[in-house]
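So, here come the structures, one by one.
Each of the two complexes below includes subunit A, the first together with subunit B, the second together with subunit C.
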Partner chain A sequence: MISVKNLSYVYSPKTPFNTQALFGINVDINDGDFFGIIGNTGAGKSTLVSHFNALTRVQKNSGTVFVDDVDLSAKKLDLKKLRAKVGMVFQYPEYQLFDDTVEKDVMFGPKNLGLPVDEQRSRAKAAIELVGLDYAEIAGRSPFELSGGQKRRVALAGVLAMRPEILVLDEPTAGIDPIGKRKLMELICDIKKTCPTIIMISHNMDEIASYCNRIAVLDRGTVKGVFAPRELFGSRELLEKCGVELPLVTELAVGLADAGIDIDRSIIDQDELVCAILKAGKYA
Partner chain B sequence: MPFLHLQNVDYSYPSGESDYITALRSVNITVERGEFVALVGCNGSGKSTLARLCNGLIVPDGGEVTVDGMPTSDKSALYDIRKKIGVVFQNPDNQTVTTVVEDDVAFGPENLGLPPAEIRERVDRALRAVGMSEHAKSGPMRLSGGQKQRVAIAGVLAIKPELMVLDEATGMLDPDGRREVLDVVKKLNRDENMAVLMITHFMEEAAEADRIIILDRGSVVADGGRELFATPEVFTDAGLDLPVYVRVAQKLKARGMDIGCPLSARQFVTAVKARLDGDGGNV
Partner chain C sequence: MRDMTIGQYYPASSPVHRADPRIKLVILVLYMVTVFFCDSFLSFGFMTFFVLVTVFMSRVPLLKVLKGLKFVLVIVLITTLLMMIFYTDVNAEPIAEWWIFRIYLNGVYAAVKLAWRLLLLILMPTVLTLTSTPTELCDGLESLLSPLKFIKFPVHELALIMSIALRLVPTLIEETDKIINAQKARGAAFESKNPFKKIKAMIPVLIPLFVSSFRRADDLADAMDSRCYRGAKGRTRMNKLKLRVGDVVALLGWCAITVCVLFLKYNWFGWGFIAAWGL
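Presenting the complex of A and B:
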């Protein structure tokens, strides 16, 4: 479980460039959550989650972050242990890549965990296949010579090979093609069986609505609230108050409701929309 | 003569000592002045390679790319070509060259040798268009992911190109921000006749273009208007999806309710409504 209490963060403090990115954030992420974080450009989403594996350190007198019983505001932290537990895929994961072949890159995490070479390799192979890349074709290539979407997949594989308990994904499907997006989300659900807690930042409301059980809305460094998907997307008031857009499916449902058809405005799933339309037309 | 013309273009990247990776194969594409074209395709299908070819960052191995009649292989024409074509590349960090946002945006217009007053006006206007005026004095490294993308877009807007190429330029923006940027681009397209070649993974966005080009493993497999969605196989065979309203319409059809192929969310609502009203509830 991750527990954030009264967390603030200032970039470049005590300089003319100082920017306060977080203002007294409180949020609890429970084991087993598929936790969504949404909010406009610059809201502080990446800054918040980068605390979870201590990439960003809790500043002095700026609140606390606990990962289970580990206090991340403590001076001394076992970073190796923390980062094996909390896997993080960055917003621009292409910068996570560094080795001269894809395979070596993905093996780096397991190697750092002190695993035997065989195990490093087998984990790398499994992870590369898991993210939908052809191992034989790609293992020996340089990660820098891949297309944008291919690089993102390799970066995800690198984190998965560590077998983390908590996985933090900063816009995991940005830059992935549409079918790949769907497959990646299915994959993440699969991963959830062994890595039960997933935290996902996304601008894609359809993904957020379909997969997350709880959603935190960030706005200019503060938490506007934490909601269940239907609670949020079914309430015009909340959406307006939080400045959140509708999932595309919900937009269709609302469009139909506005046109006078008897349809629930909080529909967040395509099949559900199909059933509701058929029912309205007495096809069902 | 088309404004942008790719004729039989081949392109391969060297890989290892003696190997090659073919990225584009006999590609023929035209973009006319004032046209709004979407380019879609799977990861690795060659879209970014095509974007790099447009402004002569790379030149074809075979065939030719011309911009307003000038071949990109002619080094002496590159300066003129880059005045006419502005490319927002997929990864904004590769483009940040200076330390302050407004200087970064001014880089293009300065290179065009414009007078300072004109540069100032263009920079202010471009930053306003992408909602980044209040960050004019920030360092580009101090921005969030989406803010960097906005700055990259402003940098190209300030050049006032005749053709703007956007390579997944809004992939990191919130839905509101994506809509805003798309509206700015559409307005320039409509009011100032700026042509647009927009690479995107969002089929709903592609559906708003005048024409959609589909790339599949380095080849053009379809090139046509929105009506392409009525033949969904061309998308699915290329590993692509369909806009959500088309998918829901397909699912309705499979369950016995045919509303045709809607080409926008609004058309979807109208078609469902017409169908339900027409049936009069007596089915």
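Presenting the complex of A and C:
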């Protein structure tokens, strides 16, 4: 459970370059959520999530962030424990790989947690298998000779090996082809079985609509609201107010409805749309 | 990392900003040479006055300029201190004595002059980098070095390498920040006090940084290739450097200052007040 109360953040305070990134943010993320964060570039999405594992520290008198019962605005924090608990996968995580073998690279996180070597290795193995890679084949290879998609999975494994309870993903599917995107999203759903809370930043409304159960819309450092996907994508008013694009499926449904076909405008699921079209076709 | 301010351009609209970078570079060289000719407090004061005039004209806050001195202040202090301690004047009595150290009045003077000279030497390049963008400086340097083309010196290539390097400094800083954060998120600790541990902790940052630098270099080469880049031959410029009246006036002004300093040093006409004031 992450609870953000009245959080503000200023970059380079007290200099001519000072810019305020967050203005009094209030958000609650519950255990078991697949929480989507959307918003335009510069809306403060990354700044907000980087507070969750204290990479960005809460500034003085700028609100509070609680992860379970740990107050992140406190001066002394057990950073290791926090970072093991809140796993963070950045944009293009494949650029963080550094070690000479995949296994060693994935063991980096557990090693930093001070776990015994056996435990490091077994966690690395489990994480590599969890992201759908063949451990026996890949463990001894250099991460730099893998394909782009494989690298990203290895980087993901590097975070998962720390066994986080909350996983933050910053545009996990950026720069991947459509099939790879779908596979990665399926993988993330698998991960959710062991890491129950997932927070995802994305510009891809299709992913947001089909996987998230709650969506926060950020705009220029403020939260426009937290919605269920159907509530957000079904309401023209909200969409316009928040400046959000439609997922492909919903766009199609809206287009059909505008053309006079009897279809619910808030459909966000592909199969549901197919059923609705078939049903509408029968009565036409 | 993001708070590094060495050589940071300070955008403003001022005659110093608008001046031709070639003239600025020439003036800088002239100025440096002149500072080495300064040897009396009078001439140091004279130079400082004109540096301050330049800073004032550039509309960069004085504090911002002085901040550029922060990094070298320690070095200046140490050299001054050493100068003061080890200066020996056989003709005079020490003004203070402690253990094996003797401090002479002339030693104090010499030390103050040394510090003053060092500060003057650092101040002007700081003003230059605050008022000119790296691109301007590169263009200026390329133009100034262009006579070397006749001896087959690759002037254009040198300028290109420099401008690429300068251009990528902020990018690399940003990238370093990102990688540090990514490794911190995996529990890496960079705050260790043990220097060996500290160096070892940098490996997970340096390797990805190198890898991405090579990747960037490849991408850049491809991008240049795809735009048919062939080096300097037949290449025109978007921003042509143009000498204006003000630039020439500034250069002449600084020449006059140099002459004045030389005059203060050598006192060709044997004027009494220079001899009297010139410590």
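What we mean here is this: the second predicted complex is superposed on the first by the 257 of 284 C-alpha atoms of A that agree within 3 Å, B and C clash if a C-alpha of one lies under 4 Å from a C-alpha of the other, contacts with A are read in each partner's own complex, and residues count from 1 in each chain.
Please note the rule applied: contacts are C-beta pairs under 8 Å (C-beta built on N, C-alpha and C of every residue); 3 or more make two chains touch, one makes a residue touch a chain.
Since this is a predicted model, take the numbers as computed values, not measurements.
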item	value
Touching partner for A:L273 - first (subunit B), second (subunit C), both, neither	first
Touching partner for A:N112 - first (subunit B), second (subunit C), both, neither	second
Per-residue touch tally on subunit A - higher for subunit B or for subunit C	B
Touched partner set for A:S12, first subunit B, second subunit C, both or neither	both
Partner chain in contact with A:T41 - subunit B first, subunit C second, else both or neither	first
Contacts of A:G158 with subunit B and subunit C, given as first, second, both or neither	second
First (subunit B), second (subunit C), both or neither touched by A:I261	first
Footprint overlap on subunit A, where subunit B in one structure and subunit C in the other make contact	12, 95
Interfacial residue positions of subunit B with respect to subunit A in the complex	13, 15-16, 21, 41-44, 48, 90-91, 93, 138-139, 142-147, 150, 168, 171-178, 201-204, 239-241, 244-245, 247-248, 251-252, 255-257, 265-266, 268-270, 272-273, 275-276, 279, 281-283
Complex contact set, residues of subunit A against subunit B	11-12, 17, 19, 38-43, 46, 91-92, 94-95, 140-141, 145-150, 153, 171, 174-182, 203, 205-206, 243, 245, 248-249, 251-252, 255-256, 258-261, 270-271, 273-274, 277-278, 280-284
Subunit A residues touching subunit C - in the complex, by the definition given at the top	12, 50, 53, 55, 79-80, 83-84, 87-88, 90, 93, 95-99, 108-109, 112-113, 144, 158-159, 162
Contacting residues of subunit C [partner subunit A, same complex]	2-3, 175, 178-179, 181-189, 203-205, 207-208, 211-212
